[in-house]
Amino acid sequence: MSAPAKAIEAPPTVAIPSAGVAEVTAPAVPFLEIEGLRSQQFIPAAKEALTSLLAERAHGKLIRPVFNWAGRNSLFPLHWGLACCAIEFASAFGARWDAERFGVVPRSSPRQCDLLIVNGTVTWKVAHKLITLYEQMPEPKWVIAMGNCATGGGPFRTAYSVVPGVDKLVPVDVYIAGCPPRPEALLDGILKLEELIRERQE
Amino acid sequence: MGTDGGTGRMTSEEISGRLKEKLPEAVLAFEELPGTAGRVRFRAESALEVFRVVRSDLGYDHLSMVGGIDWVEEREVIYLVWSDLRRNYLLLSTRIAARDAHIESATPVWPSANWHEREAWEMVDIRFDHHPDLRHLLMPDGYAFHPLLRSFKLHEPEELEVKVRRV
Amino acid sequence: MTVQSLYGVAALVAGGIAYLLPFLPPWLVTIIADVVFGAILLAASMINTIVLIWYERKLLGRFMDRRGAMHVGYAGLLQNFADGLKLFRKNTYKPREADSLGFYGGPTAYMVSSLVIFGILPISTGWDNGSLPLSLLLALVIFSFAPLFIFLSAWSSNNKYSLMGGMRSAAQMIAYEVPILIAVVAVVVLSGSFDLTTIVSEQRNYWFALPLFLALIVFVAGMLAEMERIPFDLPEAEAELVEGWNTEYGGMLFAFFMLADYLRALIGSILIVLLFLGGWTLPSYVPAALTSFPLAGIFWFMVKTYLVFGVFVWVRASLPRVRTDQLLRVGWMRMVPLALVSVLIAAAVVAAHCLPVLGCVPGLGS
Amino acid sequence: MWINMGPQHPMTHGLWNLRVKIEGEIVKEIDPEMGFLHRGIEKISEDRHYNEVITLMDRTCYVAGIAWEHLYIQAAEQALHVTPPARALWIRVLCEEMQRIASHVMWYAAFVQDLGLMSPFLYGMRDRDLLLDHFQSFTGGRLTYEYMRVGGVRNDLPPGTTDRMRKTLDWLMDRFVEYDRLCMGSEIFRKRCDDLGVLKANDCIAYGVTGPMLRSAGVRRDLRKDRPYAIYDQVDFDMAIADSADVTGRYLVRMEEMRQSVRILRQVVDWLDKHPGPVMAPNLPRWLGAPYAPVGREGYLLKRNYPKGVGLSAIEEPHGEANAYVVNEGGEHPYRVKFRSPVYVNLSAAHKYLVGYHVADIPPIMGSVDVCVGEVDR
């Protein structure tokens, strides 16, 4: 392969992959404010009192499994189509695969989602929008990198405009291989994610 | 290819004759190109006149695409036009020097040239004079490079560390 | 931890009350009975709503040639409980520019105003509020509070899509409030009462749906608009407004919206059953065995309610969405005249006292 | 008030941003912002073997992958002076027409969902999967096929394909009737779509708009008829035309095109039954990587002496006219590949058919354009 185009330097608003360190400027997100921060001061005291009273084990045995069960059985992915995999993503909600059987219902607003399925090639132009969307999703949230492009750039990894792997931008929980992965593979990835959530210790 | 020839043959002499007659200086050559009525090489300086003649006299009212090709020391601009009357394509091409490459915009003649020319400027660094809105189309604003130039090489992605910076 | 403490408190209170019951004065027992009845009503309405969501998802799935939720619980019955619990645990974000009071108050008031109506609606013989004389009016008044709260929360969440959704919601609900009320006037004329229990008992000879079919159509269309369901779901039109007025809501507040939407759908179906389909009664000529088993009233009432809601789901599966101006035009230019005509029909029926096949109006028969 | 519809918006069906200036609910001004999915396919192609570019073509337009393969392969064959055998041409047309139906069904699913009607999305996906099953049986892929090669196609159809295909076509024809009943039979649908997004014929031509949008304005232009490539001059079909130039017109044109595609497919299937034969050109140079090509010295000789050339092809892709321009300067890689995407041009005229309508009209209008961002940004 020929030498990288070293002349590239980072313009202010976009990240360029070949300078070694790429910077993605996440615009603002200044309008976010995590509710509950205010109450965090007296949560520790209450928690201490409760742990001595009810015992941590009861919490671990009773409460956490219930919430983990709820969390893993109702994953709302963000309704966002990036590229080819978006078509298979849509197929997975079609009549043949019907991902709603597992309680997976796409929502259009990131506020109501807990799963970001990156279904396609992420370019540097869209990178900061992806980060913004990720940050707009309330905790707890998960990310699935669907397809080779999201996993590592895929057939376009050498291109000047493509992020080689979405894990450079947001933390990824499950990677699904394939170009594009079949809907079965997507469902399998979601079930794998459900296993991850089952073992979650919060 | 036999299946691709179509009706191009019949009118290519007529087209070249009309062009030579109307624009004796602007048209450099008229070549055969399978699948089209022909390929017209013209002088970049008189681009607008060529476009006007091709559009109104020859009836090529539909501009299919504008593309730029980088031949290192010079750059080629191709215009593919289609005529509903003649039912064939005509390829116009012109070469300009790579240093300060610029050509008159085709938007006054074919409004559809707008995005094509924006893309050609962005990708192959050909400036289109009097273009209504020559700004980045596919790459983000402020992108300083022209990826489809031969000097722009692709490479395997390096290990990179992405910093997310809030502004 | 909040949940743990809730368990403890609930157990303490319940145990204490049960222990103290014999020693309390009668007025306090009445109050406690009311509270317990209210709690049962609340639980029943919530559970019904959640089952209603399940019912819609399954039915919609079948209309669409697929299965719908089926992996959580038997046939996906627990799916919506999982959704609710998950939303309960999620963080709630408030946009910084949003107005706190409206942002939190809007959904809560929307939810509460929807729940209050359940205290007014009679369910079966003896299962009512002791017959409020104006219960129909009261229910409709509280029902029409909703656009105010929607608009409040949409405005205060400081999002353009929310704002547009809120505006549409307000315009739509005001436009459809009028035909609904006029259609209800037809029912009131025929039954001679504003009391829902009386209205139901007046339908013992025939259901009002038969003479007042026109009013039923107007009422159903208006209810579709009030419930914001397809084809009138413009305020949350997914295609252009993302999620409409609840775009900025996540977590429990979103769950409030979702629940309140379906509560309103349930109320709408119940109102249709009460006003037009004879409520918990069956026409007097059906065999007595069908109405004499225990809790028959509630059984038939639920069956009718779910069937009516099934029609709404059917409509949702087969009609596209209309546009704002078309919606308003249909509301003002078609629905209002139709509703007026139905009032005339009702008046004519009352004047005639008896209908050829169906029989007499009981209350006016004398 | 300016609002951003995109890049994450249910309307976009892809990755682009439509900035809309509204007054009340009326659209006053628009500014499409593209390039969120620009993957530099034209640049990557310059580093790739001729047959490796096919991989990229599938991903260029992910709902009409094989049509783009067809487009590229025609240009590449012209540039490399290769003539494919007849059976390969018929198989290619089979693929393209199947892809047209699949793409239109996908469009139908997405478009009607934009109008708020949810069931057709499921019906469309269900019926599209049947076509994808056929693709899968002879290409191995559901969405990205990598099936065509310079000089033919990769492999012949497996036995029994044609019979199964006939069954699918019969099933589809029945479904099209249902689709029509769901949409044209619905008063609300007509109310929403009539006189919406009007783009008259002269505007279409000035802005280079092609495909169903152009034909819905009453212009008779279909490259399959006007400039028959592959074997389109040997099959019998009608051009789908409407004259209302609005969303309903585009809907009718696409529905009619699906029926015509079925008609073409029936003829193609009959022909394929009767004419077995090779599906790759003989005597291909080895470096072209063809599975049936003779292996030996001549491959290398041919490589060194391969003639230069220019290839230009035009096909009627499901979205409109697509062009490819391939420059061959010798060697294994194309020197330059340039594509013309129909959706790209149709989108560039967006201000002509969006301004003046309601915000609620944007999704159906853009739906009727059938946006595939992959081929716009390339």
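Annotations
Just so it is clear, A, B, C and D label the chains in written order, and each chain counts residues from 1 on its own.
In this section, a contact is a pair of C-beta atoms (placed from the backbone, for glycine too) under 8 Å apart; a residue touches a chain by one contact, two chains touch by 3 or more.
Here the structure is a predicted model, which means the values were calculated and not measured.
Under the touch definition stated at the top, chain C and chain D share these contacting partners: A.
Ranking every chain by how far its Cα centroid lies from the centroid of chain A, the top place goes to B. One finds 31 Å separating the Cα centroids of chain A and chain D. Centre to centre, using the average C-alpha position, chain A and chain B are separated by 42 Å. Note: centroid distance chain B to chain C, computed from Cα atoms, is 63 Å. Centre-to-centre spacing of chain B and chain D amounts to 23 Å, using the average Cα coordinate of each chain. Multi-chain contact residues of chain A (touching two or more other chains): 94-95, 108, 125, 158-161. For chain D, the set of residues touching two or more other chains reads 9-10, 35, 38, 40, 43-44, 47, 121-123, 126.
Multi-chain contact residues, meaning those touching two or more other chains, occur in chain C at positions 64-66, 238, 242.
Per the contact rule defined earlier, chains pair up in contact as A-B, A-C, A-D, B-D, C-D.
Of all residues in chain A, only 30-36, 43, 46-47, 50, 54, 58-59, 63, 66-67, 69-71, 73-74, 94-95, 98, 100-103, 107-109, 111-112, 114, 136-140 touch chain C in the complex they form. For chain C in complex with chain A, the touching residues are 1, 3-5, 8, 57, 61, 64-72, 76, 78-79, 81-86, 88-97, 238, 242-243, 246-251, 254. Within the complex formed with chain B, the chain D residues making contact are 34-35, 38, 40, 42-44, 47, 74, 77-78, 83, 89, 205-210, 219, 221, 226-231, 233, 310, 312-314, 321, 323, 325, 327, 335-336, 338, 340, 344-345, 348-349, 377-378.
Interface residues of chain D, counted against chain C in their complex, comprise 1, 3, 5, 9-11, 25, 112-119, 121-123, 126, 182, 186, 188-189, 191-192, 358-364. Those residues of chain D whose C-beta lies close enough to touch chain A in the complex are 7-10, 12-15, 35-41, 43-44, 47, 55-56, 58-59, 62-63, 106, 121-123, 125-126, 128-129, 142-144, 373-374.
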